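A, B, C, D, E and F are the chain letters, set down in written order, and residue numbers restart from 1 in every chain.
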Amino acid sequence: MSVGSKVGDTDIDFNIDGKQTGFLRLPYSEHDDAWGVIPVPLAVIRNGDGPTVILQGGNHGDEYEGPIVLGEIIRDLDPASVNGRLIIVPALNLPAVQAGSRVSPIDGLNLNRTFPGDPSGSPTQQLSSWVNDELFPMADAFVDLHSGGSSLSIVPSAIVEPSDDPALTARNHEAVAAFNAPMSVVISNRGDTRTSTASAVRAGLVTVGTEMAGAGTVSPEAVKLCRRGVNNLLHHFGVFKSADASPPVMGTEQVFHELGRNAHVLTEDAGVFESFHALGSRVRAGEAAGRVHSLSDPRKPPVELTFWADGVVYGLRHPGRVRPGNCCAVVASPCE
Amino acid sequence: MSVGSKVGDTDIDFNIDGKQTGFLRLPYSEHDDAWGVIPVPLAVIRNGDGPTVILQGGNHGDEYEGPIVLGEIIRDLDPASVNGRLIIVPALNLPAVQAGSRVSPIDGLNLNRTFPGDPSGSPTQQLSSWVNDELFPMADAFVDLHSGGSSLSIVPSAIVEPSDDPALTARNHEAVAAFNAPMSVVISNRGDTRTSTASAVRAGLVTVGTEMAGAGTVSPEAVKLCRRGVNNLLHHFGVFKSADASPPVMGTEQVFHELGRNAHVLTEDAGVFESFHALGSRVRAGEAAGRVHSLSDPRKPPVELTFWADGVVYGLRHPGRVRPGNCCAVVASPCE
Amino acid sequence: MSVGSKVGDTDIDFNIDGKQTGFLRLPYSEHDDAWGVIPVPLAVIRNGDGPTVILQGGNHGDEYEGPIVLGEIIRDLDPASVNGRLIIVPALNLPAVQAGSRVSPIDGLNLNRTFPGDPSGSPTQQLSSWVNDELFPMADAFVDLHSGGSSLSIVPSAIVEPSDDPALTARNHEAVAAFNAPMSVVISNRGDTRTSTASAVRAGLVTVGTEMAGAGTVSPEAVKLCRRGVNNLLHHFGVFKSADASPPVMGTEQVFHELGRNAHVLTEDAGVFESFHALGSRVRAGEAAGRVHSLSDPRKPPVELTFWADGVVYGLRHPGRVRPGNCCAVVASPCE
Amino acid sequence: MSVGSKVGDTDIDFNIDGKQTGFLRLPYSEHDDAWGVIPVPLAVIRNGDGPTVILQGGNHGDEYEGPIVLGEIIRDLDPASVNGRLIIVPALNLPAVQAGSRVSPIDGLNLNRTFPGDPSGSPTQQLSSWVNDELFPMADAFVDLHSGGSSLSIVPSAIVEPSDDPALTARNHEAVAAFNAPMSVVISNRGDTRTSTASAVRAGLVTVGTEMAGAGTVSPEAVKLCRRGVNNLLHHFGVFKSADASPPVMGTEQVFHELGRNAHVLTEDAGVFESFHALGSRVRAGEAAGRVHSLSDPRKPPVELTFWADGVVYGLRHPGRVRPGNCCAVVASPCE
Amino acid sequence: MSVGSKVGDTDIDFNIDGKQTGFLRLPYSEHDDAWGVIPVPLAVIRNGDGPTVILQGGNHGDEYEGPIVLGEIIRDLDPASVNGRLIIVPALNLPAVQAGSRVSPIDGLNLNRTFPGDPSGSPTQQLSSWVNDELFPMADAFVDLHSGGSSLSIVPSAIVEPSDDPALTARNHEAVAAFNAPMSVVISNRGDTRTSTASAVRAGLVTVGTEMAGAGTVSPEAVKLCRRGVNNLLHHFGVFKSADASPPVMGTEQVFHELGRNAHVLTEDAGVFESFHALGSRVRAGEAAGRVHSLSDPRKPPVELTFWADGVVYGLRHPGRVRPGNCCAVVASPCE
Amino acid sequence: MSVGSKVGDTDIDFNIDGKQTGFLRLPYSEHDDAWGVIPVPLAVIRNGDGPTVILQGGNHGDEYEGPIVLGEIIRDLDPASVNGRLIIVPALNLPAVQAGSRVSPIDGLNLNRTFPGDPSGSPTQQLSSWVNDELFPMADAFVDLHSGGSSLSIVPSAIVEPSDDPALTARNHEAVAAFNAPMSVVISNRGDTRTSTASAVRAGLVTVGTEMAGAGTVSPEAVKLCRRGVNNLLHHFGVFKSADASPPVMGTEQVFHELGRNAHVLTEDAGVFESFHALGSRVRAGEAAGRVHSLSDPRKPPVELTFWADGVVYGLRHPGRVRPGNCCAVVASPCE
């Protein structure tokens, strides 16, 4: 039996016990297929009453550790170990995932700048509306598994989305600490309200983001960190019957960092960026961050870029080529 | 005074002493510029008689360590330290370099599959013809500085191009050993005769290739290795008056590896590749190399790939996305 | 004298008798033409008071029978035969029609997913707003002539758009029966409210859709059916003075079909689809519909697809190539 | 210190005296740069209290005289000559300016059809929202420097945007007369409310537009006219301490023209347009404007186009190629 | 063990008995995969000495019946039934087949205009060189299974490629008659020497082509005809031990047709083509073939096209849209 | 009756008297039309024995004066006025002409860099082979009518192609003088042998080129000059019976200019070019030619460009945008 949603059909019933795996079928009437669908993978694993946690991957299509780990959970997790309900969307922006692209090849949109979405909009806007309008109301917690994507290498980390409600912010901090990543970072995306985590927080859900490596590749180490962190989180949220699941890994107490206004090192010149520091290095404001080479005119000396904040090198641009406005490095500063 | 070549003009005179920096101006009559040129950077540093060495970067446009190091030499090297002549082409396929692309955006060609070139062909074919027909006859040695490019991470290494003439092959081995890279590898590109190094060997030049890191980024460590290796090579070729240049770095004796017929691990499935081994690991034929995940259908278990040769993991695919036929890993085996 | 509309100009006066043929000139300020227009063909044929019927083609740009028949009416119909008013828009999404594409090459939009439109939006949104906000209020009935388009072959048929108002639904049934197509089908487009017919029904107009063959070609038989059906409809609506027009063709009583939730046969695999049944065949749920071949790996056996409903094969995918989510076959079931 | 805006950051403080030059940094999270910005050039030159005038160029990216003149003012104007405040945005739609394109290569939008903009929309919509929501409220007057763009050659002219408020319309006339261009023209863009000048007038600002030559090139004469006109305007607005700035150039009394409903000569045929009249010629309704040649079939005689209004040839299509709907010529008629 | 070819590797040994299925791995060094391959499917089924027949599909990537039938033979044929050797290449231009495109998306080339190929050329040229230089010398007969492709619907037919050698032409006629298609047609492609069949004939092979339906779709009837015809041909060539294979289907004596100089009905106008005749109809020179409608200007009457030869309607353009030079219909005339 | 050529068919017989107008139909088997042609317009006007002159336009697709004038001759010239034969190809690279592009949209080639062509190559190469191999052997003289194209404005001029044979060079000078353009210029295209005029000279034909205005537009003045010049030339070649044709216009004695090695002013910077001199101005080496503005960073002062030769400003770049290597101005110097 097919169960409708505002934007598509699915065979999955969110309210029955057991493991169901299938698709949200979003109708998309394009030149090449008037009556076809975008089949977004969807799994529900439920065992009686208990908290509901949404695990999401593929918000961006070139960030792979989250989708890999969520695929393992979908195939391997025994519903008997569960207490409550997992809603797993491992490849949300499916067209982007199939293209290995941050943005959707269909409408060119970055899903994470489309919340709260629009059920009558383009496919990416319909998908964010599905998450915001249909999934969030069913859930207690939301986990959005990102990596750095094609343009950035990032220190593997769990992310706090701040809320206007201090109590919710505190609960987000606790959940991020439970994930137990190498770094825990508060990121408000310069206040952008169009992200999935900002939207989840507005909906009152305990919310955790991640940044697992990046550079558009799969990092075997980050896959392990992500697998462990999600397991830790599910214990933290109480969705595991502890006797039946692998135990959480306890870490040392987390020191939280944040990205301030001066975190980003931007280039004003085109060329090729060479970093002077590895990811994770400690740096100071005023120190040289790297230099931009003009390969097409070797007579020109390279231009040096400077850090504007003290802290740790949290992210580095991956592609060699840069043009004015590109972010070359990002510094995370200890939270005050 | 402008000096002609078969394919373009340049203000540089290859036969006078001192340092000259300018461009080969290759006419390219396109829609947007009927009478314009492609300005390929070119430098000649000459001091009296002595060997002529060609230093080339930007054969592919997304391999950056070579062009960065050659830019430093162009700006910083004192001609008084030189004994003979350096011809430096740091960004040969300029349109590809400006695009950060392996292939030229103008004609879609991989310059390293166009040798010996064609002076009446498309721009990339004209450029390979310039190197083959005009530069090679002036030179004793040729150094082609590659990195892994956007699709591959490679162990930094110097490359032997084998020749039908055993004496030349031996001299190529000696030069590669002098470069003193972390690995020295014999690569015949499956016998392809259309590469610049195969072409240089046919012309009788002592020839050295490199693969410096890759992944379409700049590796600060590989920049250092490349800088040191080129300095070593120039000492080896006798182009430096030793009193005036930084001394070469002596290494341990090089163990040579080679890429055999079974070196390449290809996928027959589409998905996302996760490697099980880091670059430089020792592996055996039959061992699992990694697995390919189907993110669009998490019900499908990943497909495992297997090594077909014993040796060292020399290269790994960088982008997560794969489709059938993609090379996911490369094993270098010790030379017999 | 030029008469304005909210989105453009036209020389046509909707309120005078006789035949006028011209264009809605929609300003479109693009790179190549800052002050140009999109000239959407428009005709009004009026003779005194009487019902107003809108005849529309070119909602999608690769569906040709409707526009061909409407062009004949525009050129050949004697206004003296008319009783009331015909508003004829034979190529509504003109840029799509000129491109032979379902969607507009200008903004990538499927016009039939943009209703009710936006007069300040992109050209396709402006066109749907023109139909919805300016044409619908003038009319009593609306006929939207579709064919299957590039991706589908469909049994020539007239379509009932259901309304929340049972009386209007009944009148739509009567009009569809009058069209007298080989099949009459109720299609709600999975409840999508963004189509022109859903919008017309909301505006209270008696509404008829069609699907005339398809596959992105012109079917000579479907041209004849469409010509006859439109003539029948205009008699039904009372817009013809019967003495002056070719008489309607009476058919047998129509049996109505509908597309249910399980009508669509979707593939989960990529490859090439081979149907086992011709259009119009009777099939049963559980029966094999066809198979998907993997041409790039002939070792893999083809994957069989299954019908999920009893009924008649109403539509078949035309292009051989399929990817996951594509609609391969559609079954129409008798209305209950 | 970085100062926020709703859509981005800038280091510029609008409220301090002196000359500041920098960028509005609009975050744009794309595939190639997740955390980068679009750096829109911005300058503020302020000296005490006095009127605030916004000078804008680069609304379209292929209109160059305005940006060139504004760059001169930014580099050369002594703040001591100023009385009040200049807010200068010389290349508003920066991605379009860098591409030399009327519309943005990022979202395909014509900025001058996106007002009042949307701070949560695409980059072009965010930019128009910044101008409308953040700059307009700070200002008394607005000057939007256009040229004809790639598709049109236009008589250099200053433009009156009419207002519903006759007093504001009168002040716009006075300001346009002060600019002292070869022609002064009233253009309402067929009533389109989505332009920057229509939006400025709605905000109550005295508003002046221009059209300086065009054809996607730089006209040295138009650069001089634009330089002189802007200087005249700033005197008119009282932003110059007259003792310290070059004096305004007095012209003869302006005769105002307007573009009426019949101003545009559109082609209904594809081919190549040959004009019969030079820019600035006096013509009459019914006179031949030019002809459209079918180069692909020389057997066909050319098709003649006709003027529909009396007046002066104000604009001519620049590219030879035309297709149906293209605007080939524009006639400005004396205001009544 | 990997066996080399001039253009790539394969694991298949052409000289051993039994059934082998694998790939020709053509190295293709592109931006996204420096060391990857194009894996062209290849099978060899051999049983002792006897004739060698090449069965080829996927010369064009949007013609599906041949590849489907060859996939069945590869999976299902018992080598024990064979007498001699079958070399089966079911999807020769693999990149085109994967794209569902006549031409390769890699180099834009129509493989059937690249013979005799170039082992140092682009991938499509390398593939035709492989067939011409490496496969043809091993074989006695060559079968190239085409359909009409995306642009044409064609009467299912077997094709005679004429030779300068009358004896070979006669043997080609016999083989075509044995295929026993609904029509047998002599096509010389206006004398073009760059096709695979022209090249096979030059190499002295008995050669059969086909055209199985077309329109870029899969015709279930044509699949059956193709399956039967290939079985017939293999019996004719003596590659089947008759006791072990399904018997050939005997037909009536074939009447041969040919495409003469006046066979093609070309349009000189753009618009949408409506045919007046179904495939297979008998027509006469001077008769109307159909008409071209101008949908963008319904005031224009359609333009009629005329046949220039007597005969049978052998092919019809499939896509509705036409532009000048397009082939709308093709007439096959009885051979004299 | 259809007459073959090596690359296509035509209904035109080059050897009969009278006026024939039709097409060379070049077969081009593309995805969208397997059996269609490129219909290149072709006319032959012959009256008895006498010289044969080829008149060619549309070598580049964005140069319009020549094709317009040749269309007039095709439609209007009375064969009775002719003495000998005119072969007129007004739109040689038809796909480029239809696209308004210098290069062919089909294969990306600039036809004027493909001579002597290749009858088995891509369409543009086939067209140059047709001109070189089939038309040149029939003719005594060749006229190739160019304009500046989209990227250049050029002083209307007739062009001498120099020959190795001084006698032929002299005859080319005489013919160019007879054309009687505002300037007469010797251009060797930096010695490029791949142009149509270089090829015609190699074939021994008296050869005249032109450059009529440019900028991708139609110049009414240049149309008149071109019309007059072609008439003059045909008188000069003796193809007109003087009594029956409009008389030639006698000019003052021509002063010849040439483009030397230092004629071209190239930019090394990206930005927008502003010329300091109008076309036709006299300038000196060392004088400032113009400046390049950085619109994206107004803090940077513009960069000045310098002339390298004395003479007349013969050409100016039209598009405002420049990137390194673009030709901004061209100086013609008096011949020595």
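The rule is short, and it goes like this: a contact is a pair of C-beta atoms (placed from the backbone, for glycine too) under 8 Å apart; a residue touches a chain by one contact, two chains touch by 3 or more.
To keep track of the chains, here are their UniProt names: A, B, C, D, E, F = Succinylglutamate desuccinylase/aspartoacylase family protein.
It should be emphasised that the depicted structure is a prediction, and the values quoted were computed from it without experimental measurement.
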Selected from D-F, C-E or E-F, interface repeating B-E by over half of its contact pairs: E-F
Angle, in degrees to the nearest 5, of the Cα rotation that carries chain E onto chain F: 120
Farthest chain (mean CA position) relative to chain F: A
Identity of the chain that, by mean CA position, is farthest from chain E: D
Approximate Å spacing (C-alpha centroids) for the pair chain A, chain F: 58
Where chain B and chain F are represented by their mean Cα positions, the distance between them in whole Å: 42
Contacts with two or more other chains, residues of chain F listed in rising order: 39, 62, 268, 296-297, 319, 324
Touch-based graph of the chains, sorted into line, ring, star, complete or other: other
Pairs of chains, among all present, that meet the touch criterion: A-B, A-C, A-D, A-F, B-C, B-E, B-F, C-D, C-E, D-E, D-F, E-F
List of chain A residues in touch with chain F within their complex: 268, 296-297, 324
Chain F contact footprint on chain B (complex, rising order): 2, 4, 9, 25, 27-39, 107, 120
For the chain C and chain E complex, residues of the former touching the latter: 21, 39, 41, 43, 58, 62, 64, 67-68, 70-71, 74-75, 90-91, 94, 97-100, 215-218, 220, 223, 272-276, 278, 293-299, 301-302, 318-321
Partner chain F, residues of chain E touching it in the complex: 62, 101-103, 108, 110, 112-113, 148-152, 190-194, 261-262, 264, 266, 268, 315, 317, 319, 324-327, 330
